[in-house]
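Below are the structure tokens for one structure; questions will follow.
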Amino acid sequence: MSSDFKPNIVGFLCNWCSYAGADLAGSSKMEVKPYLSVIRVMCSSRINSNLVLTALLWGADGVLIAGCHPGDCHYEQGNYYARRRFALLKKIMETLKLEPDRLQLSWVSASEGKRYAEVVNKFSDEITKMGPNPIHKNPKI
Amino acid sequence: MNGNIGVYVCECGPNIGEKIDIDKVLEAIASLPHVKVAKRFGLLCSNDGKKYLEDEMRKEELTHVVIAACSPRDHEQTFMTVAERAGLNPYLVQLVNIREQCAWMIPDKEAATEKAIKYIRAGISRVSLHQALTKKELEVCTDVLVIGGGISGIETALSLAGEDRKVFIVEKSEELGGKANKLSRLLPHQGSTLSLIQEKIDTLNKNAHIEVFTGSQVVDARGFLGNFEVVIQKGENAGEQEIKVGAVVVATGFDLFNPEENPAYGLGKVDNVVTSLQLEEMIKTEKVLLKNGKPPRSLALIHCVGRSEKGYCSKTCCLNILKNAHFLKDKIKDVDVTEIYRDLCLPNKADQDYYEEVEKKGVKFLRSNEIVNIKAEGGQISVEYKIDGKSKKISVDMAVLSPAMIPSADSKKIAEMLNLPLDPTGFIKEAHGMLEPIATPIEGVFAAGCSLGPKNIPESIIQAQATAGNIISSLIPGKKIKPEVKVSVVREEFCTGCQTCLSVCFYGAISFDPHKGVSVVNEAICRGCGSCVGSCPSGAIRSKHFTYTQLYREVLEALR
Amino acid sequence: MDKDFTPTIIGFLCNWCSYTGADLAGTARMHIPPSIRIIRVMCSGRIDPLFVLRTYLKGADGVMMMGCHPGDCHYQKGNYSTRRRYVMLDTILKTLGLDEKRIGLWWVSASEAPRYEKVTNEFTESIKKMGPNPVFKEIFI
Amino acid sequence: MKQHNVMVVGAGVAGMKASLLLAQAGVKVHLIERESLIGGQTIKFEEVYPNMECATCMVAPIQQDVLQNEDIEVSLLSTLKKVEEKSDSYEVEIEKKARYVSLENCIGCNACFDPCPVELDNTFEENLSKKKAISVPCPGALPNVPTIDPANCLRLNGKKKDCKACQEACMFDAVDFSQKDEKVKIDVGAIIVTTGFDMFDVKPLDEYGYGKYPNVYTAMEFERLYAQNGPTEGKLVLRDDKPIKSIGIIHCIGRKELGYCSGVCCMYSAKIAQFLKHKAPDAKIHEFYRDLCIPGKSYQNFYESTRKKGVNFIRFNEIHVGKSNGNIEITCSEENGQDQKIKADMVILSPALIPGKDTETLAKILGVGLDTHGFFATQNQQLSPVITEKKGIFIAGCAEGPKDIPDSIAQAEAAVGKVLLHLQ
Amino acid sequence: MAKALKINKNTEEGLLQLLEFLLDSEKVEGIFSLKKLNKNGNIAYSLITNKDELKGAVPLDPHMPVNAGKILSHFTLAEKTKRPVAAVLRPCELRAFVELIKRAQGSLENILLISLSCGGVFPIDTMNNGDAKKRSSSYAESLKKAENSPDVRKTCQSCDNFLPQLADMTVLTVGKKDADKECIIYLNTKQGENFAKDAPGNTISAEIESSETEKLKSKRKENKEKLFKDFEKTGNGISGFSRVFAACLGCHGCGEACPICYCTLCDFDSKTCEYKPESYESELEHKGGLKIPPGTLFYHLGRMSHMAVSCVACGMCSDVCPVNIPVADVFTKVGAALQDVFQYSPGKDIEEPVPSGTFKEEEFKEVGEH
Amino acid sequence: MNSTGKEKKEKTATGKILSVEGDLRKTIKGLLKKLLKNNTLDAVLVPMKAPETESYAWVLLEDETLLDAADPLPPVMTVQGGRALDSITKQGDVYLKIGALMRPCEIRAAVELYKLNQVKLEHIHLISIDCPGALPLKEYMDNPIKSKENFEKIVQKGDKNEALRPVCQICQHFSLLSSPSTEETKASSSPDTENHSAADLHIGFFGGNGKKLCLTASTSKGKDLLEKLELSQDDSLEYWKAAGEKIRQSALKNRESFNKEWQEKIGGIENFTTALDACINCHNCMRVCPVCYCQQCYFDSKILENSPETYLQRAQERGSLRFPLDTLLFHLGRMSHMVLSCVSCGACEDACPMSVPVSQIFSMVGDQTQKSFQYVPGTDRNVPLPLQSFLKDEFCEVEIPCECDQSLLGKA
């Protein structure tokens, strides 16, 4: 693994909890690794597998989906569906040994600025440790 | 796309200015396709900044604008308003968060700058796909349908009916008043319930703006806030009537747990075991008597009948039993009253005083964990109960069971008709258990009183009034409603009609058109979460302002 | 050949010329074979080859397309396209030996009621001679 | 409808919801708040029962809606001083304390905190952390604009008249020492009072060891201690850094003294126990209660799940927090008369809800009465629970008596209905 | 006489040398060519941008996994390429690309078209089973002799359009006896000449058409006529036609593989073509029975009416058919007839309008004279 | 549905026994004929060999004389029956009482499609039949005569021969008579068998030694059919079940090693992409898949379209870039859309012109993912689709540990 590897991580954040949590991390001036690019969606359930797969296959070294904690969904139950879809995708990746660790789902609430920073930093570290997504160099995808 | 995109980077004083090399940012984005101008400014959210932006939008004839500044949660609305003032559709503005997400989080200036460029590129890429969205306006009907003529229903109607609002009450039984009719008196005033209800019913009957259907049922109701179509089955053989209303209030009340379900309670088997309602009836007629016509010398008032079975505390029984005990002590000389309770639940500020008053009257309180058996024994009734693992027993002349409140049979029927979810206890589920205690997930449909869960009369009244408050402020005569614009839409040619989207929508905003075989989103109901979009395999449903292509562009830029 | 055979013939008629022509034939009490069922379209250019194919494969014994004479089109040149499409259909069917004579194109102007009477009768006769469309014998189509 | 203005006093959940609903009806709202931020007590909670929902996530969108709503004028650091009844309206005089920071100019970057030389206890954080003389109560406060504490600011209290450390640090000219407290008169057609509650003060009560032993906390202190945006950022550390093996949570603090059950403590105590089970899964948790008051359709379930998580519920008659061998020891007499002694590393006291501290003053200004417990009295607690004797003045939420969030909101919504009818 | 580049290497290596030169000199940014994917013989078109990756390129491999016209269309669909790209493709692929451009499905701009005199390709599945290796030597021999290799597809054996027309460069393979030693690449256009400037090799003058190519052309014409005749024997008339397509699964793979079928959502996959319940009831009434899913013939006839006039006879439709229906036979036959009627040669002239989009006032006078 | 669904399932299930007269196929056709004749059914959907060709197709028949040409046990599965049924009822209920005689995997696909509102079952009588498996389509097409002979042997012996398609060799749902999951779900859910079954009627012959057939009905519709067939002999199902059980046990074993083998073979990005090297992006697999029901596949839409610049840039990152693009995305994406409903019917692989082992890959992944959702597609009409429902306490591995049912995590 090259030490100057800067991973490209895509983060889908739900508007109500996780994005607010990310904002809080920012306004609390917490240090967060710069590798994650945030994409705001209204609810974590908006994320379909295609979006995640597209990101992973077109070069993302990691994909983070963050939403409200179960029970906290602004739309009551969106995150439960998100969790099921995520579990399915993760299982597929596990079964095919397609580096399931590059995909993570985390619950981050609006008050959890610190947690947001931790989640992102930890995930960034893990991805850095894993090295570049091998798909990225595969001309056959 | 043909367009002029303007990109404005806010320095936010030193917050962005010092942490991000803005000149480098501008250089990197100025030559991107369709970018007409890329400029920096000290503080865009200041009045000067807003003025500057407005002028720029006009001067440069911008079709799309990207503002790189702070979190959309802070100032998205601000800049949308600026755009609107400049004659640009507010949804053609994208606010890119480079302050919280870059400047404040990434101490390394170079990395922060790089990241900011990425975000702004994503913003540019995305904004070029934005569509101008306009708020639709819908006419509303201000009339209201109230299902259920109990205390909640009556109070709702009284609070709402007026010159410009008609209220229809549909009550399945032949008279208004609901369960409260059966109570002997209220608490802690010991006033007569009858007079209270009668007073309200009289006012109601005098009100020309309230139309009451007794002995009637709602057989169909569909629509959304401001526009419901309802069919009422009037009495027996009286035919159907269709009405239009703007809101529906479900006030179908509760039923009582039937103690006969558990033979241990002895109801129906053992003489002089009665329910609290039966006792109320006796109190009302002032004839608290045993089967043999004699007044009881001792009574056991048994709390929490059905609590274990149903899995919740009904909240109102403790006080109600205290009231009855109070009455018995007052009315029957030297009577021995024992309350067998689990936990005293007296959660209102005046309740404790009342409890102390009753205690002072000599009512005995026995705590038990479980009623083991109630049976006839030696001309009396023996109540066997358990406390801390030990069995105990008392003998009384009469045992009064206080059953738990359960959802009324009608609630379920009505809920099915209106597509309302029920919670695990079978009561109607609130739109949000904390913040929207009387709203249901279906906008325009409210619930009040015991249809939502056990409540006492004041709480039911409060809920009825709260319902009224919500309706008065959302259905204003002459004022149109503007539903959310960032909603989902179905592209009919691609929709296969699998109705997966229906199953994941919490708000019932999607229906199925059997003629076309496609799903239809009711934009007046949709709240724009996009859950349906996430669930549609073919991409036939798309969410405005968060389309797949828009997000995909963001992803691609993130990966650059 | 079955003497009693009454063919089913579908006619796609343009609104401006042929349909008016057909109406005129009616007003003039001309004898039009009862086997013809007319479907009005605004321009013969609207006659999608798929309409014709579908009609044919669903068992119509004949399909008539009628439009304004070349040069007369209400929409300037719609019928020139029709003509090309007809040739194309005709060629396809001919090449595959699929009874191309069951499909025909005629120019009938608004005043040509007699021509309408003539072509419909002639076509009906020729279809009668050909007998029923054999597609009804085929399960595997 | 006459387009009268309405004043809402207190910007907690009830006040905010009432304001939003009024604004939706097209009424101009003056929302008056004593503190420098809106959100009331709810925003201090990390999670709310029974769904263990994140309170910030729940309330922040409402706070934002309030601040962005053009029909709601929010006056912070403001209190009612005088109310004059007119024929069909009230003239209200409010006193608006100077913030010394411009709401318009400040962008919430917090650059002014560090340079300030004064360090103070943060009352919002139950004094569990420090703040500067210029500060926001907690990260994520809305509006995210600091306030200068004039009593402690060196410049304003005169100790160092030329100090302008914060002013120099601010790039936006937001620090404005020239601001003065001001009095404003507003004409309104109706007033809704949603001033909320305070917590029963446990300090005077000796038997709970509060103040005596560092590791005895009140429930509110614990909320902040647990909060992700609180002083420890959600990390569970005791005042004396001891490891936590055993925790006692004591219900009904103040019930006897006050003479009423607050109706919410059993649930919030159970909620605290559930938090703790997450944070310190190995710790033993004992809940000491008198009567379980869990009056909601989903509450019993919550209580049972708390029990299932291994929380020990003990019913007591008398209780005492003392010390033995340097450890806290809780002695409680059970119903059967037997005494039980339990060692605890941490004790959390669940006090009753009492009227807000300015309730009495406010009641006088408004000319409305109080009930025996000091809450605002309504015309008829049974039948018209939000209406006062005075026309056009309404009470909602915990100002009327202890209640939980949904009940407060229902009252607020009911009050709005009454106001709108009143204005017609 | 046209200009040509002569390279003293075998044909494939010569071409690769030219491609390498194009990349090296940065005359092009990338090259579309067939490329090996693994050792099993799987190949696919790849956009090669790195010289090293050219090592795996097999531009002349006698397989057509996808019609490259479709790929170039996909590449230039959103916008034309700003940076020059070269593509090695067979004449039918080139024709398909041109047909697509006529339908606004791509752009020729900045694309260097390199084609070849085509000896035909093997059926697609030979790629999988290792047959290809066995066959390739006999293929090379047949090429040299300008004969039909018995291993190439029936469609190719009867294709007389094997000399590309619009290519900037053409690699000579048919009848090239010394293909092992020498590579001739014709520079047909100014663009071709410009790109080949400074390329290693000698510039000569030569003519691509020869007695050898004529020989092959007439042989193939003969085959074509026979193919069409054979089809008439089995597939004529409604019953013959329905027998040919009786096995059709309705997978519509032929349409998907067809380069000319460019629609995003095929009409026959859309709701308009779904049977309504009552259709079943009425058809059953007539016939007593009905193949399910129905509409097989309608699909093929309908698709024909949409695209056969532009059919470039690439044979992909037959290749992808899971039940071995000779789709290409039918379509090329109908295509030829249509092209004859409209005097249209698909893919040969980028200016020539598609027949369905134009007309001549004086044509088809006899039509409508029934 | 016309039944009240109140009938309780008897403890020991019984079925009707029927002697085979001469030919197995003829006997089965005889049953259908009878149902057509006595108007119990208006039409039947059965496979039929196309005249003068060796291929099979589905035919909807009203005319019982046409049944003579039908073949209830075709050696290949050309069009998946679920898909055939889908095309009939997609636009709405056909008001003909149709009996559809299909393989269990086809029935299961139909049930999945029913849950997706694609197939309407109101008037459809699903009749399943013990499935001997099917031959690979390509091999059959290349040599139909020999393949048929081979297939006859399999039918007679009832074993899972290696000549069968790989997914047939590991199939456990070859007989709805004793499908394990149906039994389990029935036991665990309400006694309302009406909606908790896949087929209405099942025809079993495994265990009959070619001499007997066994018919069982699990719904009122099925019982009605059985009644109208006027069969007299009742028999206990134990023996028949045991015969099926034996075959299933060996299939189960095969399935285990199969899963392992494939996971090894294609695990990891390199292996997986290599397995897909032969793919030519014709999307035939999707088009024949019964549960890929979308009007337009997401991956055929223009959503993924990009500029030449982007393609060049991607190529430059990698040195070269395979075209057509997004092969892996297509397969993974399709997988994420339908794999929970995958009935392992093998149609995709049959239709692949390049013989990519799609069905084997999908079947393996399907088996694993379905397990983690405790979902068996197509065995119970009332169990909701996994992605249309959720439990509050599940999949907590994604975050904070809690007391959820760990068995849902597939770690039990």
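In order of appearance the chains are A, B, C, D, E and F, and numbering begins at 1 in each one.
One rule holds in what follows: contacts are C-beta pairs under 8 Å (C-beta built on N, C-alpha and C of every residue); 3 or more make two chains touch, one makes a residue touch a chain.
Please read all numbers here as calculations on a predicted model, not as lab measurements.
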Practice prompt. Would you mind naming the chains that touch chain B and likewise touch chain C?
Written response: E, F
Worksheet, complete the sentence: Contact-pair count is greater, between E-F and A-F, for E-F
Fill in: Geometric centre: closest chain by C-alpha means
A
Fill in: Euclidean distance of C-alpha centroids - chain D vs chain E, Å
76
Worksheet item: Taking each chain's centre as its mean C-alpha position, how far apart are chain C and chain D in Å?
Response: 83
Worksheet item: In whole angstrom, how far does the Cα centroid of chain A sit from the Cα centroid of chain D?
Response: 35
Worksheet item: Between chain D and chain F, what's the gap in Å when you average each chain's C-alpha atoms?
Response: 60
Worksheet item: Which parts of chain E, given as residue numbers and ranges, touch two or more other chains?
Response: 37, 44, 46, 53, 243, 246, 265, 270-271, 288-291, 294
Discussion item. Touching at least two other chains at once: which residues of chain F meet that condition?
Written reply: 50-51, 57, 59, 66, 90-92, 274, 277, 295-296, 298, 301, 304, 306, 315, 319-322, 325, 337, 387, 400
Worksheet item: Which residues does chain B have that touch at least 2 chains other than itself?
Response: 73-74, 493-494, 504, 517, 535, 539, 548, 552, 556
Worksheet item: What residues of chain E sit close enough to touch chain F in their complex?
Response: 29-30, 32, 35, 37-38, 40, 42, 44-50, 52-53, 65-66, 70-71, 74-83, 85, 124-125, 127-128, 243, 246-247, 249-253, 256-257, 264-265, 269-271, 274-277, 280-281, 284-285, 288-294, 319-324
Response to the item:
So, in the complex, the side of chain B touching chain F is made of residues 493-500, 503-504, 512, 514, 517, 535, 537-540, 548-549, 552, 556
Worksheet item: Where on chain B is chain A touching in the complex?
Response: 71-74, 97, 99-108, 111-112, 114-115, 118-119, 122, 431-432, 441, 486, 504, 506-507, 527-531, 533-536, 539, 543, 546, 548, 551-552, 554-559
Worksheet entry | Complex contacts: residues of chain A adjacent to chain E | 139-140
Worksheet, complete the sentence: Seen from chain A, its contact residues with chain F in the complex are 49-50, 53-54, 57-59, 69-71, 77, 80-81, 83-92, 94-99, 105-107, 134-141
